[in-house]
Each structure stands twice: as C-alpha cells, then as structure tokens.
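A quick write-up on the structure given underneath.
Letters A, B, C and D mark the chains in the order given here, with residues in each chain numbered from 1 onward.
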Amino acid sequence: MIEKDKTLRTLAIAVAIFAVAGFFLPQWAVFMLTLALAKGLVVLGLLILWRTGLLSFGHALFYCTGGYAVGLAGLWGLTDVVALIALGTVASILLAFALGFLITRYREIYFAMLSMAFSMILYGVLVKSEVLGSTDGFNISPPTFLGVKLEGESLTLGNYLVTCLLVWAAGWGVHRYLQSTMGHMSIGIRDNEIRVEYLGVSVRRVIHVKYVIAAALAGAGGAISAMVVGHIDPDSMAYWTVSGEFVFVTILAGTGSVVAPFLGSIVFELVRTYAFQYTPYTWQLILGSTLLLLILILPDGLWSLFTRRKARV
Amino acid sequence: MNIKTMHPLSSAETSKISTLARIAAGLLAVGLVFFFALPAAAQKTELKVGLVAFLSGPAAGPFGIPFRNGAEMVIGGINSGTLPAPYDTGKGIAGVKIVTIVIDEAGGSTKQVTEFRNLVQRQNVDLVVGYISSGDCLAIAPVADEMKVLTILADCGTPRIFEEASYKYVFRTRPHAAMDNISAARYLLDKVPGLRTYAGINQNYAWGQDSWRDFDAAMQALKPMTEATTEQFPKIFAGQYSSEISALMLSQADAVHSSLWGGDLESFIFQATARGLDKRTQLVLTASEPYMFRLGKRMPDGVIIGARGPYGVFAHDTPLNRWFRKNYVDRYATQPVYASYVVGQAFLALKQAIEAAHAANNGNWPSVDQIISAMEYMEFEAFGSTVSMSLGKGHQAVTEAAVGVFKFDVDANEATIQDIKYYAAECVNPPEGISSVDWINGGMQGAKCN
Amino acid sequence: MLTALAILIDGLVYSSWLFIVAVGLSLIFGVMKILNVAHGSLYAFGAYGAATMVGIYFDAGWAPLGSFAMLLLAALVMGAILGIVLERGLLRFVYGRDEVIIVLVTYAAFLILEDVIKLIWGVDPYYAAQLYGLLGMTEISLLVFSNYDLALIGLALFIGGSLWLAINRTRWGKLLLAVIHDREMSQAFGINVTRVYTVTFVLGAVLGALGGAFTAPMISVTPGIGVEVIILAFAVVVIGGMGSVPGAVIGSLIVGLSRAAAVHLLPEIELFVIYGVMSLVLIVRPQGLFGKTAEKRI
Amino acid sequence: MAAILETKGLEKSFGSVTAAVGIDVAVDKHEVVGIIGANGAGKTTFINMVTGFVKPDRGRIFFHGRDITALSPRAVTNLGISRSFQIPQVFTSASVADNLLIALGAAERDRFSFWRPLRRKNLLESAAGQMKLFQIADFADHTAATLPQGIRKLLDIAMAVVRRPEILLLDEPTSGVSAEEKFQIMDTVMSALKAQEVTVLFVEHDMEIIARYAQRVIAFYEGTIIADGATEEVLAHEQVRKYVIGEDLRGGDSQAAPARGNGVVRIDKEAGRA
C-alpha cells in the first residue's frame, strides 16, 4: 500500500543534472536559469498555499522584502551569499508571521485581494522612499562566497550553484512538509474547514504556518534575484503585476509535485525571452496566446504531462 | 477559491525520472546548440548593436517609437554614408555596417538585466544602445561593466548613474536631468520677475520626485524669498487630475512646475485648460516639447516649454540638424522629438569615437578599450548642438540647455516656440566631483552663465 | 471651506468616474463569478473607439454637440463585439473550471488585447478632447470646474439607477437574480443560463467600454491605459462587496472622497489611499461592505 | 455515577426563532442516548452548542465537571467530544483512505506533524483497521465526492471516531440514506462504537432505529425537552407521540402545546441509565 515515492530522487537527480549543466551552458542560459529557479522558489511557496485553496495576489510583498533586505544589508557592507539569503528569508518570515495573524482570517478572493493591498502598500512606501531611490531603486554589489570574491563567469556560476543547492533544499523540505500530516491538512482545509476544526486542528494556525513558509520561500527567491540582478526597484519587485506573474506560473506549472514550480518557471521564462527576441513588438500577444493554449490544453498545469499517463492506467 | 483540480494524495508525487531527465537533457541540448553556434571572431563585417527602447506600454508612443525611428534613420544615414560633415567619412562606421537587434524595454529592471545578458551572450551583439528608464540604466550599468560590453545609455535622465559610481564600459551621451529643472527655474525667474510662489505637479515616481526636488532647490538657490505652496504627486499613468487641479487652483501659485510626460502630460493639459488653470498661473512644463506639434492649438499659449536639452525646436539650425529633420519628416511624416535626437546623438558619438580609434589603430578594427579611450572626454557635433563628454570621468555628456515659450501661430496653423534662451552647459550642470543635488543646494557655486 | 467644497466636488467627480468604470466588473462577477481582468482592455477599447469615432465625427464637420452620441455608439459597438468574442469565443469553454483558471484566462486575453490595440491603433495617442470643453465651465470663487466632469456625476447616477431598475423591476432582472442565487436551480427551472451569461457579459463589457468612452475626452488615449484601471476597479469592487451594485456605488464614493481628501490635505499619502482604505475595509468587514457570506450548513 | 456531560439551562435563539430554552441534559459514561424531535425542534442546535459550533445565549455546559461552554469546536474535540454531521463533512477531493489518514494524523497531536510523513506504517494500518471496522474498505481508493450517501455517512462517522472520543454525538446518522440501508449502517456504526466503548448521543427521526439502538431517549419540541427517559417509556409518552412522532391521538386532552421549559417530563430516569 505504501507507494515508493520517487519525488525526492527525481528532484536530486534533476538538480544534479542542472548543476552540472551549469558548467557547460552558455552564460545567458545560466543567468536565466538562476532567475527562473529563484522565481520558482516563490512559486513553490504559492503551491503550498494553492493546495490549501488560497492564492496570494500579493506574494511579491515577500519577494520584495527579501530583495530589499539584501539591498539594505549590502548598503551596510554585508556581502556573504549565505548570510544574505538567510537575511532575506528571515525578514520575510518575520513580516509574514506578523501579517499572518490578520490574513489567516481571509479566504478566496478576499485573501487574494488583501494580500495584494498589503503588497501595494509596500510598493507605495518604497516609491515614497527617495533615500532608497524611489522607483529607480539602487544597485547591490555582487555577493561573496564564504569570503571569496568571484567575478564574471565564475560569479554567474557561483550564484547558479548556490541557487541550485537552495532549490534542492527547499524542494526537499517542502516535499517532506507536504507529505506530513500538516502538509496533507491542505486538502482538508481546502475541502472542508469545519471538519478540520472538528478533528481538533486549528485551521488558522495551519494556514499561518503555510503562509510563513510560503513567505520564507518568496523571501529567499527575492534575495537571490536581488543579488543576481544586482539591482532592486519596486516596479520589478513589488508591483502587482509581479505577483500576477507568480500566480500565473503557479497555475501554469500545476501543483502535482515540488518539481513543478521550477519546471513552470523555466518554461515561462523561455517563452517570454524568445517572444521578446523574435517578436519585440507583439511579445505580449505571443506570451498571452501561448499561456492561453497551455491553460486550455493542460488544465492541471504542465506537471499533468507527467502524471496523466499514470492516471489512465 | 474552490480548487477542484488537485491531484489525489496517493498518485501525485510519483513521476517518471526518465521524463524529467528528458526535459533536462532537452534544455541542455538547446543550450549547447546556442553555445556552439557562437560565431568565431573574424574580420569585422558588421557592427551588431542591441537597441533597447519601450515598444509597448505608455512610454512607447512618446519615447520608444520616436527613439527607435531616430535610431533607424541615423543608422541608415551612417550605413549609406549620406550624413553631412563632419560625419561624411564614408559608408558605415570605419566601413563597417551597423545592424540592430531591437528589444522591448517593458517589464522592469530584472527583465532588462536578463535581456541585456541575452543580447550580449545569446545574440552576440557588439554593443548596446538604449534605455529610457532611469531604473533600467542604473541596473544595466554595473552589468555592462561586469560583462565588459560597451553600452551607451542614450536617454535616461537620473544623474545618479555617474555621480554614485563610475563605469568603464558605460557612457551616457546625453546630459542628465538636473539641467532641465535648473534651466527651467532660471527661465521662469527671468520671465516672471515678481514671482513669489510656485507649486508643482509631478508623477509619483523617481523621475517626478527628482525633477521637483531639483526645481524646488534651484528656485530656493536662485531666489530664496520665493515659496512652494503645494506639491502634488499623482500616481504615474493616473490620467485623472481633477483633484490635483483643484488643489493647484486653491494654492494660487504664480507658477506651476511639472515634469509630466506622454499621455499623463497631455491628459493634464486637457483637464487644466478645460478649467482655465493656464490663464491663472504660469505653467512650466519641462518635458513637453515632444507633444507641442501633436497638441497644436490645444497646448495653451504662454506655457514655458523644455525639451530636456537643445533638441527638437531648440536644435540649432546646422546642416546636420537640417539633414536630420528633413529625413525624419520624410520618412515618418512627423517631427522628430528629443528621444529621436538623443539616440541619433548616441550613434554619432559611436561613429566619431570608433573611427578615431580605428585610425589610431592603424586602420584595424579597434578593441573595446581603444574605443573607450577615444570616447572619454570626447567632444562631438550632434544634431542639436555640441556635446562634451566632460562629466563622470569622461563618460557623461553635457550640453547647453534651452527653454522657450509656446505660441500657436494661428495664421500659419503651426506650433511655434518664442523667446528661446540657451544656457551654457557650465551654467546648468554641476562641475565634476559634486553631485547635482549638493551643487544646487549649495547655491550652484561656479556656474558660468552668459 | 473652499477646500471642503473642492474635496466634495472632486471626490464626487472621481467617484462617478470610478463607478462607471467598475460597475461592469462588479456585475459580471456577481452573476458569473468571473473576475474579469480583461475589463481593463474593454475600457481601453472603449476609449480608442470613442476617440476614433469622435475624430471622424469632427472631421465630417457635423454639429459638435452630436459628438456625445459617438461616445455611446463607440461603447456599444466595442463592448458588444468584444463581449461576444470573449464570452462566446473563449470563456464559455472554461465555465465550470476553477475560478482561478478563469481569472488567468481573462489575464491571458488581456495580454493579447494589449497588443491587438497596438496593432490596430499604433502607439501614438488618440484624442477626443474636442468635446471636453463643449459644455463649458462652472466657477465657484477660486475654483473652476469643467462641466463635463460634473456631467459625469449625472451619468453615474443614470447608469446606477438604470441598472437598479433593470435588476429589480424587469423580468430579465428577476432571471438574473435567480441565476445569481442558485445557478443549478435556475437551470432546473428552465432558465436559459447560457443566455443569461452571454447577456450579462456583453452588458458588463458595454459598461466597461462605456467607462473608457466617456473617459476618452479628458485624457490622451495611449497604450497601457487599461492596466491602471483594472486595479482601481478591483479595489472599488472589493471594498463595496464583490458583485453588489450598491456596493460599487459605496466603494466608489469611499475611494473617490478619500482620494480627494488626500490630494487636498495630505498629498504625500495619495498613493496609499486606495490600498489603505481597501485594507481597512477588509479588516473590519472581510466580505466588503455589501458582500454576503454564505453560512455553511452542517 | 456522575454524568460526564451535563448541560444546565441552555438557551439559544436565532433572531425570533427560539432554538433552545432551558435545556438540561446529563449523560453518563457508556450510555447510548437517542435524541428525537420534529424538524426545527432544536436537536442539531443542541449538538452544535455542546461541540462549540454555536455559543449558547445562556446556560453552561460541563464535561467531567469542567465548564466547556466558551470553548471552540477544536478545543471541545481535543477534550474528547467528537461529532458527526447530518450532511457528511468529509474531504471531498481526497480518497476514503486519505480522509481517514488525515483524521488519524490530526488525532496524533504530534509536535513534529509538520515533518513526519503522514503515510506511515502504523497510520496506514490504523486507517485500514478503521475502514474494516466501518465496512468501507471496498471504497478505500474512491474519491469522497463520488461515494454513495451511505458510505459517505459511515466515513464521516469513522473520521469522528478515530480520535477515540469519550463521547460521540451523531447528527442524524441515517438521514438521506435509503430505508433498506438504514439498519445496516446503524448496525455497523453501533458495533464499531461498542468495540471502542464510546458514549453515544444520536439524533434520529426514525423511531424504529431509536427503538432498536437507544437505551434512553430525549425528546425535543420547539427548543425544549419534553421527555427524557428510558426508550420505551418516552416513545410511549403521549406528548412525544403527538408532537414528535406525529401520531393522531384523538380524544386526548393534549390539544394545547406542552408548556415551555418547565413541563419536562422525566420518565423513570433511572431506567434510562441501565
């Protein structure tokens, strides 16, 4: 009755393949993959929430918090890659923990819209912060790796390998969590909160934990993006369209596996960049049509490509 | 949201390794193809330029498309060798033709950094010209240095780029935005000598905030007894200014400063004139030149207009400018605006610098470092006026500034500018080594005005 | 005193505009439970259509006042065409799917329509400003108001009133209420739900386009105007309560008046006002002011 | 023997509708109590109040002498009072086995419930055992949304029982189930519960089922208890027959409705506590 769960093996092998590929792939691809994986971390957090029936239209709040935490730490001279990612994650966790007391009362569209309102308030604050460069944002110096300063290609590769490692760790942890009792409580809360309460479990507390985990992942993703891009500004980190993109990738990817968010994120990034390159004047049309087709053909997300065959058997 | 499409617990987490491995292998293959498709360095046959400008969104109409048009036309002139002197040195740049790869600037700095890398490493461009948004310029500059790619920031305004850092591979061939507001303040005080109060309406983002800060500071530096009555910061792309206009009316300021651009500026003008704001106060619109022809008689007479430099109607009447205007109007059936001018200016700078380096390199195609040395502290003739790369260790251009007053010539049915005043570069730009903000706040020490 | 008057009038004008822009979104959500992101595109198409038709009208040299009919006509044509294309050509294939999926479908449609606008009208601005000044201005001491703006208040009242009558006093309205209340039951009673959906969506689309058409004279119609409107409309609808027409009225009033107050009294916070108000309302009343929560029977 | 569950003077109204007035109930360990009453008599409200879903306007509820009136459903559940629902409250998109697994996982109250896998050997075995006990093992892999009503009811009850509660409140365990299935379901439930020595309160419309399974019966009428005692006696009680069972008692003098609150008939209380 216990099926052999291969997800962790798949994850480890995939991450290993990607990490090794980083040594051979062209620079632009490594950079793009780094960003796609960083955003995949954010989407992984949204996956946890979405399994619970909650969608945050304001998850950029934590992505941005992670990014700005790194930016501010950089201004104070902190450059170590591990410390920076940890800092971005912790900043998001603290914020989510505080907001969680409020937002866990909300469901459905109200959860989505209140999240969005929070993220837009942060956006407003940043736009008003001329010290932080307002909408122009500011630059961040490249991170150091345990005291070692890398440059050029090795910097790109270093960032990428750290990201791969984090993706593996996050995927592993989230998978364990999703397989746990509390992870499975997602389905319970989504289907029937009353029953969950009558099982003696606090729905709000479970959601609070999930919200904090999702925020931590988004904070880590934001921290990586900020370090890798070397620049942060509110428009590309906190605006509602950024959150919208995360939601889009979440649905596009599907919730079948912790690997799905990364796959979805990479596919999205590839579609977008090639639409940018080949149809600079109508890339939105191409992107929109592609996504529309994917939604219509694969209602359960890209991941259903890998599970459908099994379901038929 | 009731999500019905979840996978049951028991079957979700088991996927086939083989399929996943196939994806990874596929991605790897795609990457490798591009990797080996890298062309080997050979005799220079073409100069591949990445051109980045807004092609979608609200900034496409006022900036992006005129920018791209200006680039297209000037590149055409360079490639066919039809530019007038001093650029009549044969076809192309040192005989090499320019080809472009155009990218949309929409989507924020993160996407732009990604696409910049793609341009350089996937598309193998030799250099990149573009960027209208200051945020994008700030983000791109360190990446360009890291990747050692010559990059010309052609249009963005923020002084911060070379005031906060210095770059080797990055140049900005247009002056930064501080002079727009300094010259506007000087002009306003000349035109309205008894001015006591002024107000502002600027978009609530970096550009608007910086513009107002510079203008306000310049006014205080030039005439300390004046006073700002209200500072309005509507959201960018809000389009609705009825409340702000009421607030401006109630403030009864002698003048209203605005750095609005594009659709926001036009909407503001419609709404302000429909309520007679232009009759009660002196409007100072620092970035409004691009819209005067299109708006025509809908632009109220007497408005103080800037073009962010000696461009458009402020451009000096030289053979270069005549060539530029004629070809532009012939080709696009519309007047060139400052976005068209500044991108043309960037390509002129490239032509002069590369050809100088080419000559110094005994007629061989110069290295990037040689081009950079040629461009640093270079002075060159552009379509609007003379440009000196005198700030930012030779990487930041300055020019003179120009301001005038709008008048719609009813008889000729034409938008015109009167009382044009030019301000020498040293009058409206800080000297090397001090930030614009500090310079203005410090009373603009050492400004040399004619 | 004058400031108070300015806040009131500016607030009412802005509220009226918001209401006209948002009510179609609220209607569609109320009946179909679809959060239509493409509402912004409908707004943009309405504005472009109006600017185009007003331009043609003035070029033809007809009586200027008749140009107002062009705004209505543009909204009807654009709303009807796009409404039918979106509903019949796209949305009906995803009915019954998860709400989020439908939101994303409309988001994709929005992306596509953004470029379609560019393909049809290019990136240069269009104006319908000729008729903005036609109605003249009203002067109150230091303040001058455009009569066109003031007329928007009347238009909003008219639209709100007509909708209220249509929903509460007509047969169609009763069908609508039945479908809102219980879709399956309505179907069982022989109501043609498919038709109600199509009619509702087209009506909502026309209202969205109407918002754009009547905004066109006061703005420069450029690419991207739809993006800004979506969020505003969402906020209004969420504050008022999803799917409630009276809620849209109150939501618009709250946002409009607080924004006007901010502009006059504390311009620094203008950017936060709408989100601040939205958060406050949601914190106090999670379902919005007029929203209903379904008690779960156990 | 002291009552493990006791309510004193519970009152509740929803707007103008009075759902409970002066409800005093005491239940002893291992009792099997049937609750009867017409629709709207306040039976479900009683269960909702006891399990914390509805707060009484007045009155107190004690569990082992501890006041649990203000507690949430979650807290009440954690004290050992479980319930089932008239409309089964299950996780519709999960399989029957997973429904039980989740319930079992929740029952563990494990500090590492965010980390330890749910699909563990002991939990899987417990779930299998529970399914066997409730005779729903054949449906283990079926999604709950697709189950026949009877099976869903059993699942709902099974989920309530995995916590091994001291008291189980069943809200109409056989409503919506065909007449043939009713006894089968009740047999299954009751034998399963007997195995776990649970005190049971169950709301039921069907007097045959009441007669067969309840040791004691409480009859509700318009928010009050009109009878409480041994099953046969209550069922035979005149007012119960008239107002609850709905028999036409011609010639009786009971045309007047029973008095509220104070007219409780305690029929042979001791008999009910056999």
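The definition used in the following text is that a contact is a pair of C-beta atoms (placed from the backbone, for glycine too) under 8 Å apart; a residue touches a chain by one contact, two chains touch by 3 or more.
Just so it is clear, the structure is predicted and the values come from calculations on it, not from any experiment.
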* Asked: If you average the C-alpha positions per chain, which one ends up nearest the average over all of them?
  -> A
* Please identify which chain has its centre, taken as the mean of its CA atoms, farthest from the centre of subunit C. => D
* Asked: Which chains are joined by the largest number of contacting C-beta pairs?
  -> A-B
* **Interchain centroid distance [CA atoms averaged], subunit B/subunit C, Å** => 35
* Asked: How many angstrom between the C-alpha centroids of subunit D and subunit C?
  -> 51
* Report the inter-chain centroid distance for subunit A and subunit B in whole angstrom, where each centroid is the mean of the CA atoms. => 33
* Asked: How many Å are there between the centre of subunit A and the centre of subunit D, using C-alpha atoms for each centre?
  -> 45
* Structure fact -> For subunit B, residue numbers touching 2 or more other chains are 1-6, 9-10, 55-56, 204
* **Shared-contact residues (touching 2 or more other chains) in subunit C** => 97, 99-101, 114-115, 118, 227, 268, 271, 298
* To do: Among the residues of subunit D, pick out those that touch two or more other chains and give their numbers.
  => 53, 85, 89, 93-94, 98, 101
* Structure fact -> Contacts from subunit B onto subunit A in the complex sit at residues 1-3, 5-7, 9-17, 19-21, 23-25, 27-28, 31-32, 34-35, 38, 55-56, 101-104, 107-111, 113-115, 117-118, 120-123, 134-135, 138-139, 141-143, 146-147, 158, 160, 165, 204-207, 209-210, 213
* Which of the residues in subunit A end up touching subunit D in this complex? -> 1-2, 176-177, 179-185, 187-188, 190-192, 194-202, 209
* For the subunit A and subunit B complex, residues of the former touching the latter -> 3-7, 9-10, 13-14, 17-18, 21, 24-29, 31-32, 35, 50-51, 53-55, 108-109, 112, 127-128, 130, 133-139, 142, 151-152, 155, 175, 178-179, 184, 187, 190, 225, 229-233, 235-237, 239, 242, 255-257, 259, 263, 266, 269, 272-273, 276-277, 280-281, 283-284, 299-300, 303, 305-307, 310-311
* Asked: Across the complex, what residues on subunit C touch subunit B?
  -> 2-3, 6-7, 9-11, 13-14, 17, 97-101, 114-115, 118, 122-125, 127, 129, 132-133, 137, 142-146, 148-149, 215, 217-225, 227-228, 259-260, 263-264, 267-268, 270-271
* Structure fact -> Counting only contacts in the complex, subunit C reaches subunit A at residues 35, 90, 93-94, 97, 99-101, 104-105, 107-112, 114-116, 118-119, 227, 231, 234-235, 238, 242, 268, 271-272, 275-276, 278-279, 282-283, 286-288, 296, 298
